[in-house]
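Let me give you the structure first, and then I'll get to my questions.
Going by the order they are written in, the chains are A, B and C; count residues from 1 in each one.
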Amino acid sequence: MATKLRVESVSAWYGEKLAIQDITMDIEEHMVTAVIGPSGCGKSTLIRCLNRMHETIPKARVEGKVLLQGEDIYASSPVSVRRRIGMVFQKANPFPTMSIYDNVAAGLRLNGVRNRDELDKAVLASLKQAALWDEVKDSLDKSGASLSGGQQQRLCIARALAVKPEVLLMDEPCSALDPIATAKIEDLIFDLKKDFTLIVVTHNMQQAARVSETTAFMYLGKLIEVSNTRELFERPREALTESYITGRFG
Amino acid sequence: MKFPFDRDTRRRWIDLAMSGAAFVCVVIAIIPLGSILIEASVRGLRSLSPAVLTATTGQGGIGNAIQGTLILILLSALVSLPVGILTGIYLSEFGKNRLGAAVRFFVEVMTQVPSMVVGIFVYSLVLELGLIGLGSPRLVFSTISGVLALSTIMVPFVARTSEEALRLVSIAVRESALALGIPRHRTILRVVVPSASSALVTGGLLGIARVAGETAPLLVTAFGNNDWFRGLDQPIESLPHTIYIWATGPYVAQNQAAWGVSLVLVLMMLGLSIASRVVIRLRSVSR
Amino acid sequence: MPQAAERKALEKGLKKLNENMVTLAELAELSIRKAVDGLTRLDPEVAQEVFTLDQEVYGLQLEIERTCIDLLALHAPVARDLRTITTSLKITTDLDRIGRYGKDLSELTLQFRDRHIVEREDVARILEMADRTISMVDTAIEAFVHRNAESVRNIIEVDDAVDQLHDENFKDIVRRMMEGKLNIDTGARYLLVNRYFERIADHAVNIGLRVVYMVTGDWLPRVRAADRAKRRDEGSAKSTP
């Protein structure tokens, strides 16, 4: 499998505070890469550096290179990067004043697409990809907030998919959801990888084991180990990784 | 003295007592408000009639006062709402630096300036400008002058409520819009501001209500006029001004009639408030 | 913190599992030693003791299986814990089998006893097979108890020697039966004894290989001696131009 995203010696700061240090890893395309680690290890910071969201925080700074199919994303405009690398957040946050349709279409509409046909097609395709179409096809003009938590998260996924990114970053997408909604999203992740490359940050190790092919373990801002998921969970190389995944930390 | 009751019963009594006290306080707070409305309605209705509403103050009616207030409010809103909201947007979206802090402080101070002082300031400003050739000294008593004064009061108020309204929009909404590759300015204008629209509208209406009842600054700017609106450069009548003149005048009949004018002003504010709620409800239903 | 509490329960379970496994291993080894002792001295009482041991071994094995399934269901273990539990699950089968062969040897003891037929020559051979086999079982069990993978890495080679001895014994017994020097009834039972030891050694190899996996995560495949010899020959054939 080809490398979709290459992270080269990336470090990031919040003001003076160093959050992640010298991270280097490859993300393979059409696969799911999970990032695990205890709270505060820097996993969210890392993926926010991959779609240039980290720099939207005042006084935040990034060093190093992130190459999307060979091009350094820090050499292009952030807006164009974010169209190729999308993001889904921990708490589902559909735009509050918009309907379901408008939410999904927002990324396209607000970037100049006006053709109603084109928007209709994109909304249909994205909602289908997000396994939400059947549940909302008759109420597309209802407010986004009228859906359940799991549905809202799938709506946010549809919204992110509508701009047809190549990579989808997911920051703890299931942590606010119940087990059934979580299972639906995990199934969705499984289906999405044939069309996209996914990176999922999760604090739930079993989830990482279930959905990913590659798992990266971070601790205190450093990348401790990254390998094939089965290897990492059956016989991790680093003692620190073993301590963490067997729950014997600290 | 020994408390005869056990802890639970004591707690229940205290709870009841506190609830009762809170209720009494609410009643006390509402009494003045309620009595104003009742007094204004009872006494005011007596002195109102279609004739009164359509005649000018020169003829004993209040038609031009109503027209004047409406014109002043409309023009002030036209000026202040955009300026205030844009300032609010600047402060909330870009104002996390020292310049933003300075502007915020300045705005805060401006909301506290007594309206009379604003009036005198505008008076002097227009006069000085007139004397050096921008406009004319005559403009001190004119609609423009009145609008300037009311705007000076309204802008900081609207700026502050707008900033707060925008702050209430969760950072998550901004982040998801940015993460979709939507440029910052469009994120603000097409996502954040619409999300805060009801709060912004409320802020605007509050601003209008604030200035609709201002009398003091208008005394030295809009000045008052017994005739219908004659032009932007002419003095203009307003409801608060009429109330002031009639209530403090020597004629008892006029004093009584002032209640009618008060009622009209109160009803106008009520109407604005209801209209805005209807508009907001309509907008959210259509989604 | 919920994580810490979960670890305590898991630790407790693992500790109990380990204790039971050690007991099971000790019982299995004891079973063989007693069986060999009973066989060489044709002592029926010892044979009976082995029967009792076999029951204990079986009961303990069931309990261990139960424990392993519970730990897997409740704690979703990973890495070392996972390897330990799955290895234990597999090894109990081998240990149970070893115990069973002890029982089988003791049954033979009772049958021989009836006929007073064990010859000195045969005793020596049996003892040699027994020694090597018991030594292999002991090594494998020690490796498990002390989590030492190094000591069992070459257990396959040791097994090769036992296999060879088994083949020699087999040929010898058959020859003697054909030459009439050995009663066929007795000879058949000798063949069984020979066989049992070879099988016990195989189970010891299984245990050893699984211990290597448990400790290091490496899978060492069980390659039979004949195949290994074939590969060696093929290898040297390839390297010579």
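FYI, contacts are C-beta pairs under 8 Å (C-beta built on N, C-alpha and C of every residue); 3 or more make two chains touch, one makes a residue touch a chain.
What you see is a predicted model; the values in this text were computed from it and never measured.
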Averaging each chain's Cα atoms, the one nearest the global Cα mean turns out to be A
Outermost chain relative to chain A, judged by CA means, is C
Whole-angstrom distance, CA centroid of chain A to CA centroid of chain C, is 51
Expressed in whole Å, how far the mean CA point of chain B lies from that of chain C is 93
Whole-angstrom distance, CA centroid of chain A to CA centroid of chain B, is 46
Among chain B residues, those touching two or more other chains are none
Given the complex, residues on chain C that touch chain A span 3, 6-7, 10, 76-83, 216-217
In their shared complex, chain A is touched by residues of chain B numbered 96, 170, 172-173, 175-183, 186-187, 190-191, 194-195, 197, 284, 287
Counting only contacts in the complex, chain A reaches chain C at residues 205-206, 209, 233-236, 242, 245-249
The chain A residues in contact with chain B across the complex are 51, 53, 56, 58, 79-84, 86-87, 89, 91, 93, 95-99, 102, 106-107, 110-111, 141-143, 156, 159-160, 163
